[in-house]
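Read through the structure below, which is laid out as structure tokens, and then see the notes.
Chain IDs A, B, C, D, E and F follow the sequence of writing; residue 1 opens each chain.
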Amino acid sequence: MKTDIKLLENGKRLDGRKYDELRPIKIEAGVLHRAEGSCYLEWGGNKVLAAVYGPREAVPRHTQNPLRAIVNARYNMAAFSVDDRKRPGPDRRSREISKVISEALENVIILENFPRASIDVNIEVIDAEAGTRCAGLTAAAVALVDAGIPMRDIPVSCAAGKIDGQVVIDLGKNEDNYGQADLPVAISPRTGEILLMQMDGHLTMDEFNQALDLAIKGCHIISDLQKKAIMEKYQKITEVK
Amino acid sequence: MKTDIKLLENGKRLDGRKYDELRPIKIEAGVLHRAEGSCYLEWGGNKVLAAVYGPREAVPRHTQNPLRAIVNARYNMAAFSVDDRKRPGPDRRSREISKVISEALENVIILENFPRASIDVNIEVIDAEAGTRCAGLTAAAVALVDAGIPMRDIPVSCAAGKIDGQVVIDLGKNEDNYGQADLPVAISPRTGEILLMQMDGHLTMDEFNQALDLAIKGCHIISDLQKKAIMEKYQKITEVK
Amino acid sequence: MKTDIKLLENGKRLDGRKYDELRPIKIEAGVLHRAEGSCYLEWGGNKVLAAVYGPREAVPRHTQNPLRAIVNARYNMAAFSVDDRKRPGPDRRSREISKVISEALENVIILENFPRASIDVNIEVIDAEAGTRCAGLTAAAVALVDAGIPMRDIPVSCAAGKIDGQVVIDLGKNEDNYGQADLPVAISPRTGEILLMQMDGHLTMDEFNQALDLAIKGCHIISDLQKKAIMEKYQKITEVK
Amino acid sequence: MTITPAIKRDYIANLAKDGKRADGRKFEDFRNIEIETGIISKAEGSAKVKIGNTLVIAGIKMDVGEPYPDSPDSGVMSTAAELIPMASPDFEAGPPREDAIELARVVDRGIRESEIIEVDKLCIEPGEKVWIIFIDIHILDYDGNLFDAASLASLAALMTAKVPAKRFELGEDYPLPLKEPPISCTSVKFNGVTIMDPSLDEEEIAEARLTVATDEKGDLRAMQKGLNGSFSVDEVKKIIKVSIDTGKKIREQLYKSVGK
Amino acid sequence: MTITPAIKRDYIANLAKDGKRADGRKFEDFRNIEIETGIISKAEGSAKVKIGNTLVIAGIKMDVGEPYPDSPDSGVMSTAAELIPMASPDFEAGPPREDAIELARVVDRGIRESEIIEVDKLCIEPGEKVWIIFIDIHILDYDGNLFDAASLASLAALMTAKVPAKRFELGEDYPLPLKEPPISCTSVKFNGVTIMDPSLDEEEIAEARLTVATDEKGDLRAMQKGLNGSFSVDEVKKIIKVSIDTGKKIREQLYKSVGK
Amino acid sequence: MTITPAIKRDYIANLAKDGKRADGRKFEDFRNIEIETGIISKAEGSAKVKIGNTLVIAGIKMDVGEPYPDSPDSGVMSTAAELIPMASPDFEAGPPREDAIELARVVDRGIRESEIIEVDKLCIEPGEKVWIIFIDIHILDYDGNLFDAASLASLAALMTAKVPAKRFELGEDYPLPLKEPPISCTSVKFNGVTIMDPSLDEEEIAEARLTVATDEKGDLRAMQKGLNGSFSVDEVKKIIKVSIDTGKKIREQLYKSVGK
């Protein structure tokens, strides 16, 4: 990662944030008609939709597990979500992200309840600006709750990183492109266990410890926003009744 | 569509035809050995073969309809059938044409007689010069009769269009490239019902009414040629016996 | 094939070989841990691995033969095995070679013993220098013995060809590129029957007869090396016991 | 191969006998249409269109590339539609199937053949460099009538798109040069009646479909008949008439929503 | 995995014991061959070949393109064969399978390695522009022996092809520069007998196949053994001899049909 | 979907309770590592790495090509991994699946993001011509821990690779310019214990996996957590510590084997 750009000035980041300040986040549950559960999430310049179908019989049949459900998360970026148009369809990056998100979600879903089933989680990034895997996983978790999928906890994701030698939370676009390290993390907020973790760049052990602390702190803040979004959906339903 | 080229001169078209005159058409039934029914058709510069297999068990099995047969028309242009070599294999255009032809044929075949079956209709365009979808559907209908597939009627197809402000029947190559509108139509000649209809270009309501009349008129003329070809095949068989 | 290059000088070939002299060959059986049988073979500048799995249930099921086993040989060249990097995955050349090797191996394996099964033979060319199909088939035969697959005979392969008007055995790289003919052959050494034969280039009947004689002579020499490699493997096992 | 439950078919058909539809509409009524533009910051133009519960997003991306050899002075456009598994339990991931291909081709032809985009104004250097326009259509929620929703979203996205000249160091951004757009209206037929803007339930029992695109003057600009049922000539003419009338109303709403 | 009915196998094998074939031919006889050229107006060259009921069309298209870096002064050729579902109930649509790939590669090598096309005369601008030749083979009706039918159709199409220089504004059209073509003859073996030009029924019970291409002088120009049966050295030599003799007759017919 | 036999799971888990592993190793032990370089004559660089019975070959090929528009002065690298059916009865031929993609991407990022290859020294003509580096990883025998074997083989191949300048008439060959490489160490967790360098049996019962790449100074250069189990923060920190210590030993062996 190159550092041609000054990313910190007087302790403030390019967009005016402090080192431990998240970008604005907005979460709405139950936004789609067909899906069994759904969520719309804005996180800085990211706009993400998540939709859940299932549990239903897993196809093709050879993917079925006779003892438990499988989770098929499908992370996809819309062709128009990035500066240079992305060719439609999965690429290697999106397939890797789909895999690590599926694994993180499998951790919290009560899979044993649904042998031979699949739980399909569709994540569409329609506007992208750094941190889409964290945004996607966070939205997927809310959509799963909205779909009534039984879970031990509502997983949540946030990244930390290093820019201009400083550990900060939730990298923005230039920070991601020109920063020195990125550490996306997902946790189960109830237990603090780590469900997803990837790291690129360069961190000393001290910096890693700081970054992990910051990312987990961010997760807990966002976890509250998830729960608020779910409550609002239930309240609406209750009001309608 | 551009109109750099003069397509009408003294009421005559580039190839000397009148506005309501079809290109020469030649139809022969039962030209292939392996296929259960087949047809060879020349229509102006178009040369088309159609071959029918079935009814037979539809594969893959998930395509089967337990109540009726499905029709799989496969329209394909040979690589050498056009000026600039076409890459072998289906493209988006041929897959759309396959779909609309399949739908038109399904209308007249007694599908209910063959639950879970497929009727496979292969259409190969080996020389192409405007109007191949009409030629393909017309040939496919004869091949279906030749295969003994029970049908309510023998469908038939013809196009009309607009060139130099005039509504004409059966566009030729330059008329298709430089004309103002194209309206391919397929009908069930017995009922006059419309089975296939597409339109590109620009037509006023009056022009559309004229064009539709012309296309249907053409269909009836070609319908007679279809029946003649089928009769000739039967006569040959009778003579041989 | 062009002949810009002098391939024979005083009856000696570019690498100093005589017309009926093979390149150095080294064969080792049982080199892999997971595979049920395996072989590593060096032949001039060629380095080839072969691994056998099966007999096991053939998948997908529609490939099963209820009366006998099928042989799936998969010849593959590593991306780095040739001067200009080869795109990973099968191309038309490798699929044709896989087919003719599969057919040759099917001839000697007692297929009737294993209805509905497949015997999978993986051949990886990791360094390539003319004659990889002969090397691959020869290695595959040893791997099949190592896997304990019952066979009527151990097939073996060798090529002959023509360079500068002279029939020679086992073409090297420049001889293959600039020679006048190539004749790869595989035989069942016990019966002398021909299992694989392809020819490109130009041979008179006399030259063909000479070339076939040379190739078969080469096969018998290599057959001894195959048997030696298998014996060494068994001896090692016996010693360990 | 989905088999529509006979009970649903009977229910909808019986209602139709009495001139009624399950959601209370008349035969020639559209559902409520919502159009929102400028929703994707990364796109040159974008729009979200809801028709009832059907939700479609269209995004426009532009790039600089080579023209086709046979039209060296014209910009190039391409349209793709994805029926992503998000939108329906019946859509699968993978390469586009016949339905998505027909959808993309009908929308593409509707824009291309009616020459909405003034491609001759999108030449940068004749024979060398022209603007390439990508129209990408994302179906997010599927409750029937994708043809009209996709077409309308594409138009709204195009009408609010800016040519990103600045990003390519070709001067200031400017609005995409466009002509007046035809409006697409889709009808389906079942049990002898024809209805406009089918819901998913109505589509599932439809025997024949007709999409008609008309312009401001009431002229025909594109048509596509679908499904294995048939139409009589009179039915076709009746559908065209209703499509012209409805097209006018939708055009007004479209113009309003894009600020024209 | 088709299992040939035992009864058919027995019938053909029993006939063979008496030196007979189901259609009355002798072991070394070809079926009737028909060659028709110039059948596709859009193609630079084309031919339809029937061998018995087997029907194959080959079309030649040419384009101007870049040479390969390692032969900057030579034209480029490529051969594709499609076993389209029209030709047989057993052929499926989709990417070519092993059989079609082997067929295309054997025909391609037969033309390429025997240097029929004088590729050095197909250079337009060294290192920059050469003629690209596409040979496309369409199997329309499959009743056995595709190798010979496809090879013969390709040769007849090449021998009547014109280089489309005019379309590319490179002067007048002229015949594709060709050398004398080798003729491909295919034999199969079953139950100890070898027969020439197998019909579909004979192919289905064949144990081994040998295709031999020979030239005017009776020299060998290409061979391909197929299937999992084996040949003795004597059988190979006998098949080659018959192939040389038969090749001469077919060459005469080919020359006549292309007007040479 | 393979179901690990309960008996194997119990056996390994019971051993682990007593601090033991099936092959006698301690929890933090690697299996024996063998590194051999220069094994492929056609490759610019190559290495064979064995970790226990796991066998991986990496080959480097280089070509001259265009740089990416956004980094006109930098060479380009690409990494591919194939889980070929040779290596395991469970690997299938065909396009790479999720496992192979994750493997290739983790190795690729480990090399790319830690900037081992000095891509700015691989420019031939700015904006026009740069060196393209292909790292191809072949898994030949699979007995667990592909991440570390693939990463180590790639590093050894890179460290012995020569830029083939002569073949492209660009002067004399010279060693690929490289910085100090991070070493990748993988641990897995099951039944509450974490172990280093899992064998295949251990991988099959693993609940969570963590790969940690560290440099000479003991800094973190890349991490990848896998599988659907979880780690506590303390477990992560403990694994990192062991990975730093083990990485040092492997680095020494790597340097020795490439002659540094």
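Criterion: a residue touches a chain if its C-beta (ideal position, glycine included) is under 8 Å from a C-beta of that chain, and two chains touch if they have at least 3 such contacts.
What you see is a predicted model; the values in this text were computed from it and never measured.
Common neighbours of chain E and chain F, listed by label, are C. Centre-to-centre, using mean CA coordinates, chain A is 52 Å away from chain B. The centroid of the Cα atoms in chain A and the matching centroid in chain D are 32 Å apart. Mean C-alpha positions place chain D and chain F at a centre distance of 48 Å. Distance from the chain B centre to the chain D centre is 27 Å, each centre being the mean of its Cα atoms. If you draw each protein chain as a dot and join the dots that touch, you get one closed loop, with every dot joined to exactly two others. Following neighbour contacts from chain C out to chain F and onward until the ring closes gives C, F, A, D, B, E.
Those residues of chain C whose C-beta lies close enough to touch chain E in the complex are 1, 62-67, 70, 92-93, 95-96, 98-100, 102-104, 106-107, 183, 188, 191-205, 208-209, 212, 216. Only residues 39-43, 46, 53, 55, 57, 59-61, 63, 80, 82, 84-89, 93, 95, 134, 136, 138, 140-143, 167 of chain F touch chain C when the two sit together in their complex.
The touching residues of chain E, counted against chain C in their complex, run 1, 3, 98, 101-102, 104-105, 109, 113-114, 210, 215, 217-233, 236-237, 240. Across the complex, chain B meets chain E through its residues 32-35, 45, 47, 49, 51, 53, 56, 74, 76, 78-85, 88-90, 120, 122, 124, 126-129.
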